[in-house]
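After this come two complexes, each holding chain A, first together with chain B and then together with chain C.
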Partner chain A sequence: MSAAGLTRVLDRPVLARRTFLSDPGRTAVFLFGVEVVTGALLALYYQPAPEASFRSVQLISNAVTFGWLVRAVHLAAANVTVLLAAYLVVRAFFRRAFLGPRGLGTWLLTVGFFLLMLAFYFTGEALPWDQDAYWRATVTANLVADTPLVGPWVAGVLRGGADMSGVALVRLYAAHAILMPWVAYWTIKRMRELMRRGAIG
Partner chain B sequence: MDWKQLWEICSAPDNVPIVLLLFLTPFYLWYGFREAIKNDRLITQLEADPALAKTHHRRHQPYHPAWDKTVHVWPYLLRIELLAALVVTAFLCIWAIYLDAPLEEPANPTLTMNPAKAPWYFLGLQEMLVYFDPWIAGVILPNIIVVGLMAIPYMDTSPLGNGYYTWKQRKFALGGFLFGYLVLWLALAIVGTFIRGPGWMWFWPGQTWDAHRVVHEVNIHLHELFGITDVWEIAIFGGIATLGFTAVLGGAVDFALRKWKPELFRKMNVIQYAHLVGFLIMMIRLPVKMVLKLGFDIKYVWVTPWFNV
Partner chain C sequence: MRSSIWVLRPDTDATRAASIVDELTARGLVAHVASHDSTLHVVIEEAPDDLTPTPDVLRVARVEIPPQFRATRRNFLDSFATALAAVVAGSAIGVAGLFANPPERRGDDLDELDVTGMAELRDHGFATFRFGSEPGIVVLTGDRLHALSLVCTHLGCLVEWSPDRRQLLCPCHRGVFDLGGNVLEGPAPRPLRAFDASVQGDRVLVRRPGRVRT
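Then we have the complex of A and B:
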């Protein structure tokens, strides 16, 4: 960014008298940044294969310097982000923020962001491949498999075969660490564009 | 009372968000309604005094006349953002230090977890498994919730209440949303967290979770009450009962809307109105099914060879 561009950004007018509690969306974006940084650190040690993944998470928790803290912050920030995303939906509804020229787009993006955060949490929880993770993934896949018509096929894609296999773990990891971060990035970017248009702040 | 177990449930890292919600939801509801009542008073005042309404906006302006309305990003906004980032980071670190991320035993396909609980925000759906077929509770209902949320702007088009809190002008919309949020999501998640123990059995708070407790669960289907035995008769009977109930409920919702919300009915087109009634029916049917199961032990109303409702 050129010096003139930087000056323009820094001199941009914003609404006075606002506290950071008045726009939780910014906090959500910051938390997303925290997730990206801690997630990248975790990815340095994590191995997405059935038994290796458990051992790598154990290594992160017990041997790597501050590994346990990075992992715990990653989870704590995920919890707070889900709460905050839910709060954004409720708040948008209560203030009827879905009206007006920008309203529809921002509302759909807000709901989408909430769902995306749930999906992040869900896929992320499966990655250590411990008892909890394995059985949650199995129960979810079975549930999908019961759906008439498309169910068995979708469940096969999720499981990577007839039974829960290591392929499922790789797919969950790919969704969690490659696909969904880009979707989240796009969501945030689009939201910022919509918020900027004709508005201050 | 088993206080130790209650504390263990509350302090499990997986359950902390739901415990936080127990405090945050009442606080924000109180705050929202406080603002709404203030605005409602102002609206009444402005409606009574048209001259004042010309110069005043409904919304509370947080500005002092002497203050600037806008300021520069630097330093005013960046200062706040830096402070916010520091506070949030400190909060996350404290949370992470006190509640370490859990790690169970390695995955073992031969040993089933009991109780195997979903993440806290899916516990409402897991509770639905008691009342519906797994694929209805796990696939159809979440999709209806998603579509329903996204459809709100298409159905709720009144300009009143845009950007300010009000109760008086949006009783119906807020009431419906709060019913969905408080009863269908939060209350069910709380039941899933605190009440449901091993084997997904019902334990009152304070009752010890005894995995070996034997519950004589009676599950009857509605057609058994009428003594129908043939598979096709059962399917037809269930279809009539389910669709008939839905039709009666839809008629009741339609009647109530026309009676108490005539302006809503007049403003909406057919597609909007049909969707509104449809989503309301879905929202009312869930608690009805729960009452049938918990109160009368009726598991399914409509049993067919392919699906049960």
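Then we have the complex of A and C:
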């Protein structure tokens, strides 16, 4: 960032005695950027195959320079993002943001953002494909399968078969690294538009 | 608006200069003490024209200080924040660059290891090696080569080759293995991991058996 750009950011007027939570959109953009950068770095080494993924994660953690740091930052920012999304839902609830002309849309968007962040978390958690990851993914898929009507179909799409398999790992990875980042991008963009108009926050 | 520099009389001391600055600051002006050729100056930024100098002032100079050289808090914060952002961005780029550079090959990537020469092996009867991070041993009996990992399958202690007993002994929990790696005594749940040993020319080579290439 150039000095002029930085000055523009610093000179941006904000309300007095407010914290970074008063502009959660900007915080979300920052966290999203951190996740994209660290995620792209992790993708340089990660291999989404059952026999290779755990070893590639271990390689990142133990052998690659600053690999532990990149992994830790990716995880930490993910944790904060989930907390931020939960905060937005709680805030929207207590501010009664679900009322009013745009209420339903903003409420669904906020809750959708939270669910998307949870989905990011669960898909990301499965990627090392160790015992922990495998069984957590199995449990999550079973939970999804218990959803009325569409549950079994969604679980089948997630798993790529009747059981957790290598296909499931590739699908979780594709969802985590290709599909969901775009959904998150458009969601955050839309939320920031609504925040600027005062519909959220 | 131009700045003023008040050149103070030579007998004025720093305490007095500081109190002049305090008075000016109290009136809402930006001022600081400077010294040049062992003479004290008070620099007042954007000084109004009707500002009357105190009796300590020998001479008043009106100068135009370009905005970027004015020692305002805002200028300082701007350059400080820029420097901080540059350091953070620079470290992030450095970390990313180092991260992208793949690590040196370790044992995990090793396909084959040249352990020793056949002549040396005949002399000693055995030779130890390190296959990446895993220690191993090659033992020659007659014409047969036995290549085994030295890592005990119980708790990962290093077993020792006993040439007298022709067995591998684990010092930690009295595990005993034969040359096939099989558990003869002790708590080890599995045989020692085996390597494939072969002779090419005069060299003894080991490789990991059944390794899935990825």
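We adopt the following convention: the second predicted complex is superposed on the first by the 153 of 201 C-alpha atoms of A that agree within 3 Å, B and C clash if a C-alpha of one lies under 4 Å from a C-alpha of the other, contacts with A are read in each partner's own complex, and residues count from 1 in each chain.
As a convention for this text, a residue touches a chain if its C-beta (ideal position, glycine included) is under 8 Å from a C-beta of that chain, and two chains touch if they have at least 3 such contacts.
Keep in mind that what you see is a predicted model, and the values were worked out from it rather than measured.
When the shared chain is aligned, chain B comes close enough to touch A:Glu125, but chain C does not. Within the superposed three-chain model, A:Ser165 lies out of touch with both chain B and chain C [touch as defined at top]. Judged by the touch definition given at the top, the superposed model places A:Leu69 against both chain B and chain C.
Of the two partner chains, chain C is the only one touched by A:Val37; chain B is not.
Applying the stated contact rule after C-alpha superposition, one finds that A:Glu51 touches each of chain B and chain C.
Looking at the superposition, the partner that touches the larger set of chain A residues, chain B or chain C, turns out to be B. On chain A, the patch touched by chain B and the patch touched by chain C overlap at residues 10, 51, 69.
Contact residues on chain A toward chain C in their complex (touch as defined above): 1, 3, 6-7, 10, 37, 41, 44-45, 47, 49, 51-52, 55, 59, 63-67, 69-70. Those residues of chain B that touch chain A in the complex are listed here as 13, 16-17, 20-21, 24, 28, 32, 62-63, 67-74, 76-78, 80-81, 83-85, 87-89, 91-93, 95-97, 99-109, 111-113, 116, 118-119, 121-122, 133-135, 137-139, 146, 149-150, 152-153, 156-157, 159-165, 170, 174, 177, 181, 306-307. Chain A contributes residues 9-20, 26-27, 30-31, 34, 50-51, 54, 57-58, 61, 68-69, 71-77, 79-80, 82-83, 86-87, 89-90, 93-100, 103-104, 107-108, 111, 115, 118, 121-122, 125, 128-136, 138-140, 142-144, 146-148, 151, 164, 200 to its touches with chain B in the complex. Contact residues on chain C toward chain A in their complex (touch as defined above): 77-79, 81-82, 85, 89, 92, 95-96, 98-103, 106, 108, 212, 214.
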